[in-house]
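In what comes next, chain A is part of two complexes: it sits with chain B in the first one and with chain C in the second one.
Then we have the complex of A and B:
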């Protein structure tokens, strides 16, 4: 017997939830430009796109997990990212010829980590939040103990690719945009996408409609792990090597960009494109607060406040 | 109002209750939206009287009980307790008047002990040492009703087996602290009790009645009604259709009273001679003694009948799960639309095609055109009333949502389709449309395994398994299928 005690009058403009990320990102950009002058406008966007691309890759993986049903979340993302970065650095050993094996190693490790996550959830009946957090400690200590030579430099070609520009445009963000389009297409036009969203809405209904619910979730977690690993691989190329804390920022961010991007935490509804808006917002907000030359403490305070504020004003996708 | 003349059946009832009824409702009605659960019920019970309330699933027994107990507010109708006319009613007020209720789904809190659960009901158990006094109170009642029960009153309810929980629920309803118990409503109180405990309860009900406590007993076990009740009240379709004193009433007559209304003896399906050599598509060996093997051929419509909750759905699920592992494609039409059927965020088209996605791929990707085509075709065939197949499923009426779920199964490649009581709450016209469709699809060689709680639907089947206590106990086929035979089999074989 669900009773609605009151209903807020709908005074908000009826914009799709996922557009809010883009709108607030634009606002941050305008504020930064207004403060720092027009000359920096282009550079601000370019850097937001470059850093945002990493958040988008992690977020896209997280989106698949979140969409697979209420309660599903992958908190091992940062440690998988870190571990994959170390593993691929070790495999490549700074050699251009080993880039593909390094990438393959990272992806395999990520997918494996995702499979372990799902296994713990389903076999031990742990809530995803606990299972993935527990694994994340394991992955993190593996990275810590078997990380290998942390001083290893990424292969020149990988570092070159992550910073590559053609005609003034960075290539990597464009490649990630292509990835976003692939993800959006997959959600709408592939069996996996459709079954994922069905499972996320109602596991029982999906099961009775002939969906192999377990396989769908397993694949979602594996893809999430692989996405985190890919981010680790690219990030280590971009920043000149692996570091133990390289994944830290992506715990909150991977989840926040998914939610701000218009994906329902209740599951069954996902938006790949919206993640870009949210990722740009995050990075532009960082730039803006930096430009204002605020103290670190104040910056964190404002970051938190802004996130809460914006999540609060975005209309949540309704799970009817 | 004192009837002195020798009473007819209806009159005799009035004699019983004319000694100042403890509780009476007149013309009680309850609507849930368009669904009428109670359509004008008159009911009364005198102190010390034991009334058996019988009827089919969905006849309104539980609604009536909930109205009396205050857990559901009636839409209209007069209600009086003792001399007082009651306007607003709540479980709390009901309790203050000495009216208690034993719920079928049990109302004890699993995380609390038995003693603590007793305190929940009895406000008088307060102050220092309440836990001990609550334990004493419930132990006394348990000992009185179920001597030798062996239930520790300090145990967490969730840790008790289901039978013990039911005993505890019953004992709590009869337990006394400050307020005396005047009337107890028992809804299927013996469903989880063993034979001995059930006998003990019946004996206690008689004893309580002799001390002036009125009891309303709702049960599908007619023998219990015959054993303890003074009067039987039969409900059909939200109305009281008969009241009889138990004295002089036979069990068979009682079954007859319940069945007559729904009797539709014209069978809408002639047993078609299944094409010889039709493939055996369902072959289940049965679950031990007393359980029939379940077999079905291509083109069969096989019914699962019996009282609700006697293992039909579980078996249907098991057959479906088994079928998915097998070589023949299967589909399932859920009856519980909200939680097991519809995908709430999706359109009609998305909901309809989810089972058939494999065949809608063109070059690895789902083809929107093929999807729309399939959805339109089947939405039209089932006459789904909606502006387009892109309409959100939740904007449809329940019946139309159900049609979409049917379409999902029928549009698929499934050779065996499991129907899980899919017609609950669906209007008559829709039903007729769907029955026709099921029959025509069966004629094309599809097999339907159909669990239903509505007797008339069984007329569509050429063979029935009647379930009792988790087992497929009886098989009926062809002309044997009729409401009375089904009822007999449901209750464990008539009056022999």
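Then we have the complex of A and C:
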């Protein structure tokens, strides 16, 4: 495989698709600050970074799945997130000493869920949309049984870590940025990254070139599950516990940040850094519409319109 | 504020119970206590619009437990629960199935005020008693069991006025979900009550979806643009997230009206111990499903029940905080048991337009 598989088509030399999220996010930040006063600028962006970090972790996992080929998508993300949050809170039982086992349980559960998703897709030949949606009902039911009637509290040290600030900067978004860099490097420089994109571009070509396509996709789904689980783990630390509907917001968002971030839905082309731009866009849009005191109906209308508008103006990334 | 009844002590409460059971043979429309008609062969189904949060989980369990006990006591033959996944069409088809299965009564927590009207009418036409609770159903053949959400908003604002005085104060309103019936009615109650407090200003409103995580995110997003906040109006389930948002922004905690969740009460107690923080907690009880169950059972037993039965809200003030906190399960929602005599009392109080019997604090 040569580099050109990963280059964006150079017909439009202007701006890369993934930069649009950042640009629109910046515009919204300026608009919000203009309305609410200069003093709010720092706090607004800090809040967007903190909550955007969660969308980025989920979105990065979803990106791997989406990039692994046309039609690949993981709709079980919200329920895996919720179930992993419950499982890890149960393992930790509020004790600081059990944070690592709790994290391990969450990641193992997420990876296992991803494997089950992929198994249903290959063994039962279900379309990914159906397979992952079906599993999501199973995972959600398990979460109901796990602790359906209660919010399970996180250990103090985990809550402390997710809210930790050093010199006025939150640590967690920085850690997630590091994760983004790792993902971006992995896509470009590692064998797995290359194989994933090759599989996404043409399953047959990749197969003929000796890539074990099935294994690559399996790993993509497992990583996606693990990313959702990690989000559940961190989110329950940040928001004070696992709750049954904590994952709901991340179904649409995990897919939207991937697409707005410059990853091709057709597969074979991925962008990890762009997810940050899209996640910031989503969070700052919510803040901006709230700050402007708009009616809920108008908020929804603008949210939908803005997403369509931005997807429409962004030059379409194409698989080779 | 009409909240006197809520702090009513158990002696009065017991007397009321007694009164309710003694007065069995008064005229049809008057308060006539528990109807004793034979309902041992009747079946009651519960059609629930959504089961995906802890409140609804407790609500379902409350219904099932009451149903199982009533079956054991030969007050009912059997019960069933079906939940739709927040989809009105799904709920409508489930109710169609319940009609075909021939249930004597269907208790509905409706996902929409209007979308179920057709199927509710079908059920009524089939001779089935329909009781919609904690949700509006505009079809007039259905009985409704619900809170008066005007008094919810009024209680919140009256409490804040009692604490803050009538000076200019900035409030933040956390609403539920846009377009939701409960949210609309509660917000209307807040707007009505705001007329009595012209110096208060709601500086912004956000949608918290009655969920801690969502409320925290939404409040965190708008806080930087807001002046000092003196009080936060909530709808339940969102108070803890709001507190986390204020904490995260390094702002002092305003008076956040809590919503009877264990994490909210624990936070309140912790704050009270460290700095004397005080607030109050108000909320629906998940066991309102039991009220609906007994209302349906009483109708089947021949009791005259008005088309609208108001249910009291459960209110917790500083004095009762410890007692309630000791009783609520870790991470759960404050709940209370509504048994048959209490529900008969609630119905009678509605018939006679008397103050509703309150839910007494645990001892």
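What we mean here is this: the second predicted complex is superposed on the first by the 303 of 320 C-alpha atoms of A that agree within 3 Å, B and C clash if a C-alpha of one lies under 4 Å from a C-alpha of the other, contacts with A are read in each partner's own complex, and residues count from 1 in each chain.
Keep in mind that, in the parts below, a contact is a pair of C-beta atoms (placed from the backbone, for glycine too) under 8 Å apart; a residue touches a chain by one contact, two chains touch by 3 or more.
These numbers come from a predicted model, not from an experiment.
Student: Given the superposition on chain A, are chain B and chain C in a clash or a fit?
Tutor: Result for chain B and chain C: fit.
Student: Given the superposition on chain A, which partner contacts more residues in chain A: chain B or chain C?
Tutor: C
Student: Per the contact definition in the header, classify A:88: touching chain B only (first), chain C only (second), both, or neither.
Tutor: After superposition on chain A, A:88 lies in contact with neither partner.
Student: Could you say whether A:60 touches chain B, chain C, both of them, or neither, answering first, second, both or neither?
Tutor: Once the two structures are laid over each other on A, A:60 reaches no partner at all.
Student: With both complexes overlaid on chain A, does A:268 touch chain B (first), chain C (second), both or neither?
Tutor: The answer is first: A:268 touches chain B but not chain C.
Student: After the superposition, just quote the angle formed at chain A by chain B and chain C, using C-alpha centres and rounding to the nearest 10°.
Tutor: 130
Student: Check whether A:48 is in contact with chain B, with chain C, with both or with neither, and answer first, second, both or neither.
Tutor: second
Student: Examine A:72 and indicate which partner it touches, taking first as chain B and second as chain C; both and neither are also allowed.
Tutor: A:72: touches no partner chain.
Student: After the superposition on A, what does A:194 contact: first (chain B), second (chain C), both or neither?
Tutor: First partner only.
Student: Which value, in Å, gives the least CA distance between chain B and chain C in the superposed three-chain arrangement?
Tutor: Superposed model gives a least chain B-chain C C-alpha distance of 32 Å.
Student: Give me the intersection of chain A's contacts with chain B and its contacts with chain C, in residue numbers.
Tutor: None.
Student: Under the definition above, what is the set of chain A residues touching chain C in their complex?
Tutor: Touching chain C from chain A are residues 32, 35-37, 39-44, 47-48, 50-51, 140, 144, 147-153, 163, 235, 238-241, 243-246, 248-249, 283, 286-287, 290-291, 293, 296-297, 299-300.
Student: List the residues on chain B that touch chain A in their complex, please.
Tutor: Residues of chain B touching chain A: 320, 324, 330-332, 334, 339-346, 350, 354-355, 357-358, 361, 364-366, 368, 394, 408, 412.
Student: Over in the complex, which chain C residues touch chain A? Could you list them?
Tutor: Residues in contact with chain A: 51-54, 57-58, 61, 178-179, 204-207, 209, 211-214, 216-218, 220-226, 240-241, 244, 248-249, 261-263, 329-333.
Student: Spell out the residues on chain A that touch chain B in their complex, using ranges where they run on.
Tutor: Its residues touching chain B are 185, 188-191, 194-195, 197-198, 201-202, 204-206, 208-211, 264, 268-269, 319-320.
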